[in-house]
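Shared chain: chain A. Partners: chain B in the first complex, chain C in the second.
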Partner chain A sequence: MKKTLFAVLFGALVVFGMLSTGYCEIGVTDTEIHIGQWSPQSGPAAAWGAVARGTDAYFKWINANGGIHGRKLVHHYFDDGYNPARTIAGVKQLQEQRGMFAWVGGVGTAPGLAVKEYLMQKKIPWIGPAAGSWHWVTPPQKYLFNVYPLYLGDAQLLVEHAAKKMGKKSIAVVYQEDDYGEQGLAGTKHMLEKYNMELAAAVPVAMGDSDMRPHAMRLSRSNADAVLLFISPVAASRIIGIGKAMNYAPQWMSSSTCGDCPLMIDITQGLYEGVITSSFGMLETGEKVGDLQHINDPKHKLVAEYKKDVYGKFAARDERWGYTFVVGIGLAEPLVEAIKRAGRDLTRERLVEELEKMENFRGVLGRITYGPLDPNNPLTRIGQQELFLHQCTADGGSRILTNWIETEYIPMGH
Partner chain B sequence: MDMKRDYYEDVKHFSSGVMLFWFAALMIFLLLYPFLFKNYYVYVANYIAINIIVVVGLNLLVGYTGQISLGHAGFFAIGAYGTISLMTLANFPFFPALICAGLIAACFGFLLGLPALRLEGPYLAIATLGFGLTITTIIGRIDILGGRQGLHAPDLIIMGHHLNTDRQFYYLVMAIAVLLVFFARNITKTKVGRAFVAIRDAHIAAETMGVNLVLYKTMAFALSAFYAGVAGGLFAFVLRFIEPELFGFFLSVFFLTMAVAGGLGTIAGPIAGAILLSFLDLELRNILNIPYVGEWLKALSTSYFSLTGVSNIQFIVFGAILIAIMLFEPLGLYGLWIRMKKYWMTWPF
Partner chain C sequence: MIDFIQMVISGIAVGSSYALMALGMVLIYKASEVPNFVQGEMALLPVFIAYMMIYSYGYSVFIAFFGALFFAMILGCFLEFAVVRRAKNPNILGLIIVTIGLEMILLGLVSWKFGADQRIMPFPISSYSSVMIGDLYISTMDLVTLFVALAIMIVLFLFFRFSKFGVAMKATQQNPTAARLMGIRTNRVKMVTWGISATVGTVSGLLLAPVIMEPYMMWNPMLKGFAGAVVGGMTSLPGAVFGAYIVGVVEHLFGGYVSMDFKAVVAFAVIVIVLCVKPSGLFARHYVKKV
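Moving on, here comes the complex of A and B:
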């Protein structure tokens, strides 16, 4: 009798334990899911603050539509000023004192790397760091899901288009002296080697450089007929302006960082017309090419809906509907999708399971695919590798040049 | 008050039993700190301790010797890169790597001290500023130091023990900080410290009295750089990843602001400055959580200054603190402390 009673009690305890683990995940209550994010709203990288504001508006829109399985998304984002010491402080405080279920976005390589180990050790999912870096996938981590495509892909597409489609014979690259620029340089060299071409010039731009005349001079001397830009929007606008003044007019091509045509046309006073840029998110583009459609096309429901409802109703006052804002939405889409798929019984492990099952998921960015973790295969966590090319037009719009193109992963970095 | 009657009284570590008591109480508090506070505040303490090391070192140069430096982020970077690369490339254990990195920074400090023999005031500020900016550009071009892509810190192992958590790291950082602060205080009581002060007050007079300007000015730079180098080595293990952009101009200004806000030419002042500004640096983002004030600030900020939250609040508050100190209390927090002490000791008169 005693044994039976003991067995029943034990069984009840086990069942109760299992049930309670289903509803006792940190950051998840019956009515809320707490998601954390950092982004610079001040300091040198403040322009990237729109990423978090995009995610915030997206979550508000989801909540206004009833949330996910009866739970609202509570978005905690803070300004780290692109200072990793502040990133660590904010992440630790929110995680330890408020309890986040997962983290999303997070601008910058250095701030992200400062908290990567902490989040991974605590087995906290982190989806979509807002920086194209090898560090997120080398080696792949169980709880870290990359979304942002590596800049190597931008270089691949741009060089291929210049050399094969446009028949350019001499290609130069201008690159910012950081992880982003180095990736662009490495990708360009890799592709030129593939096509047996020489790099006409590799011109570095230091972070604080404001005088672009020496850089433009070096490009002009190289006689390159296509120049790839892996620099900041401000540096790109200056270098194109000086090139114009020097009557040096190669085919300028830029990474997605300088791919916001309305913004670039505005700050260059029209000089950005004709520049070919890569992109990994849908924006106000030209005619339909393959899966890509004009944003104002009523058939393109998702982007039109985001612009009308997410941006129109929930964006901060004076917010601009731009590339960075859209990226903030796009980086959070896989997380939201996985939470939906995980159902009411939401745990971190369930979330990871659902993300790992994600195949060819498409929101406003390119297709996103993960797989069961393979420590030797970065592709299981790389997420998106698709990009497309478009060309800026004088009115601030752009003309789509290619459909989505899958880029190749080139193992590099430290 | 605080009048010294003989030389030995001046060089004593503790001027009274009360001082010794408070020092012992502080040490016990520091020992128990990780058990009294949440992990987040242990991280904050580590960050503050690292800044204390830099600022106490900077104060030896700026406060005691009267030489300005806007390039301390450069020494900080040398310490961070030196420690990590000596550990990963030359397989140095942590302590030898940290000390060597500090010494490398000190060598650069000595070199920067040489132009300081001929430069003063704004000209020296520009020279040191140039050094701070150049050093990160150079590091960014050295592939073996990770170039622009940065370096990952290795595991921190001391005598077979992995220091993984903030609490474990706390005791290491705090021990080094206490040791270096004590060392700095000792220096100010020695011939070297007196030579520094003599140079600051009147370098020609100091020279005529036999103070070797070349020796002591370069020594002040080297010593100050050593402190920044050691702090940089520790900081690398807080972030676990370093890249050149982390050691920009603003960091040098931040260090100098902490020293000035605390009170130049004292030991306690820069410590107070480092505690206050480091704490504000990490905590000001929480200002929105203060009832009423937070809401009001947010409304004000989003109406005129920013799209969201209270971005740039650090810059605004630090600027306001500096202006207030220049206007009302040039001796900084230490000056406030002296005023308070005087007030209470002479109360009710």
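Moving on, here comes the complex of A and C:
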């Protein structure tokens, strides 16, 4: 009798327990949705930590406005120091001890690759890795939705502009010795082949190398009249500075990684004026080629709203309003949109369904489109392929050089 | 030929900042017999203090730089007095761990207080102006670093040769027991040595800061300075300086003629070769283990 009573009580507890949370989706309760993220808040890549802080402020702003379908977004982000070993330890700990519904952002190709298999095997959605790596879409994964345009696209646009619009005859590339830099190099080579041009020089930069004199010298000896940079902002500032000291003045062009004009103008003491960079966000559709823009006084309505409400009210006191912070918001926007569209009955499968239906979604970044998973078609998970070019001005603003341009997907690793 | 000369000039230019770090490391090694891995951060914190003095309190660059050097002196003395001296029955491994711990604490402090954003230190001359001699160039900042490094070496030489305290430091480094018996307050000498070492390192940091400032800015110069000190000999001040210049020049020649991919790590290959051929370094007379 006692055993029966115990069984009934236990069953009732389980049933009521389940009822009180609605259903059993990991990381979702009646009132909360738990989202995880890693980013370097310390270490050599700590400047990219603003991505997670941008996402965090964005989620706080959403919560302050009532959350999504009565649920608050609970953001768990941790410092991995850009160290893949720490990334995997932190992700496993949060996932297995706390239970995340999904992951968003996540700075860096190497840290992302360390956890990709784990997240995919567990069927946990991961939206918007903060690195433009082809690994996210080759092959496409059901639960991995890319947002950040691939660096191959940056190379495509920059070479096209240098060779076709500016008539540059000799193009060199400086690339970081990792996946980011090597994609930039591959994209550059691909485009130069297309235009029957030779690469004037390919100069590798080791992570952490602070002496760029030999690199600048090799560029100078190559006589390249345009140099593409797929390196970090610090390395870019050093190499342009040494170029100036050597009286070497090619047209410097850079990937979006060094596209934060106010920061770059500041740390190069103004030498970044005239540098052309690709960008994947904050261009209002109505803006025209030749228009000036400045992130501190954004014309983009949504960016202006975020600056006032998200950054103004929810960012830490000493946080810098810049591209990295805004990218943190932009990478999370598709996730938030899909959660909204999924409605109250939120499950991971529903989230994936809604993301797959997303077509030409535009927040602060370019248009984002996914499709039903096709293992042979990376475009079903690539998200954004649009980029535009702008040229930094002396005051930290930029002049728009092109409209949004849809880049071609260049297969790599085949 | 022009390329070769340019690479040697650039190698000497970068070697100057390595040399200052190497000098700082050797000073401490001679006094405390520990490779000091907090050398970079003993310079980092004063550099950021100078930055704060300029931007938060409105001091001029010169006052801020002198403030940073004074702070470095105090910081070095404090670390020796408050931490290193307190280590119970210290062996080399224990002291190395202590310096690595201090390095992490100071780095964390700077990252926490100032954040990770890159910035630059104001400086009276532009970081990117240069002097051209035909096809050869040397940046003005590199020239300043070179002259400052040479001046510091001369001052240290004169200090150790002719000042009473300098001679006391040498005596303490050579035989602490005998020095103590001769009335030298060896603990105080060691403490001041740490202070001088931090000050020399800070000069290097202040000359690097106008190009870029970030919490990890001293990591690479510290490693290369260490490499230079090992190459030259951890117990020889001129050796450390020469070793640092060798590291700078070898890096540039290797990057220019062999491989840019391995330029950043060639210094450590040089260490391995030197340790295999001459374990006490190129310029140390011989290695004597104290018992």
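The rule is simple: the second predicted complex is superposed on the first by the 373 of 414 C-alpha atoms of A that agree within 3 Å, B and C clash if a C-alpha of one lies under 4 Å from a C-alpha of the other, contacts with A are read in each partner's own complex, and residues count from 1 in each chain.
Simple rule for what comes next: a residue touches a chain if its C-beta (ideal position, glycine included) is under 8 Å from a C-beta of that chain, and two chains touch if they have at least 3 such contacts.
These numbers were taken from a predicted model, which means no experiment stands behind them.
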Room on chain A for both chain B and chain C (clash or fit): clash
First, second, both or neither for A:179, with chain B first and chain C second: first
Contacts of A:221 with chain B and chain C, given as first, second, both or neither: second
Touching partner for A:26 - first (chain B), second (chain C), both, neither: neither
Touching partner for A:247 - first (chain B), second (chain C), both, neither: second
Which of chain B and chain C A:318 touches, first, second, both or neither: both
Touching partner for A:89 - first (chain B), second (chain C), both, neither: first
Which superposed partner A:47 touches (first chain B, second chain C, both, neither): second
Chain B versus chain C as contact partner of A:97, first or second or both or neither: first
Partner chain(s) touched by A:238 [first = chain B, second = chain C, both, neither]: second
Colliding stretch - chain C into chain B, listed as 181-189, 217-225, 235-243 or 271-279: 271-279
Shared contact residues on chain A - chain B and chain C: 41-42, 46, 49, 177, 206, 208, 318
Partner chain A, residues of chain B touching it in the complex: 38-40, 43-44, 47, 133, 137, 140-141, 146-152, 164, 166, 235, 238-243, 245-246, 281-283, 285-286, 302, 306-315
Sites on chain C touched by chain A in the complex: 3, 6-7, 10, 13-14, 108, 111, 115-120, 126-130, 132, 137, 139, 211-212, 214-217, 219-221, 251-252, 255-256, 260-265
Chain A residues touching chain B - in the complex, by the definition given at the top: 41-42, 46, 49, 53, 56, 78-79, 81, 83-86, 88-90, 92-93, 96-97, 109-110, 113-114, 117, 121, 135, 177-179, 181-182, 206-208, 316-319, 413-414
Residue ranges of chain A in contact with chain C within the complex: 41-44, 46-47, 49, 177, 203-204, 206, 208-211, 213-215, 217-218, 221, 233-234, 237-238, 241-242, 244-247, 263, 266-267, 269, 271, 318, 320
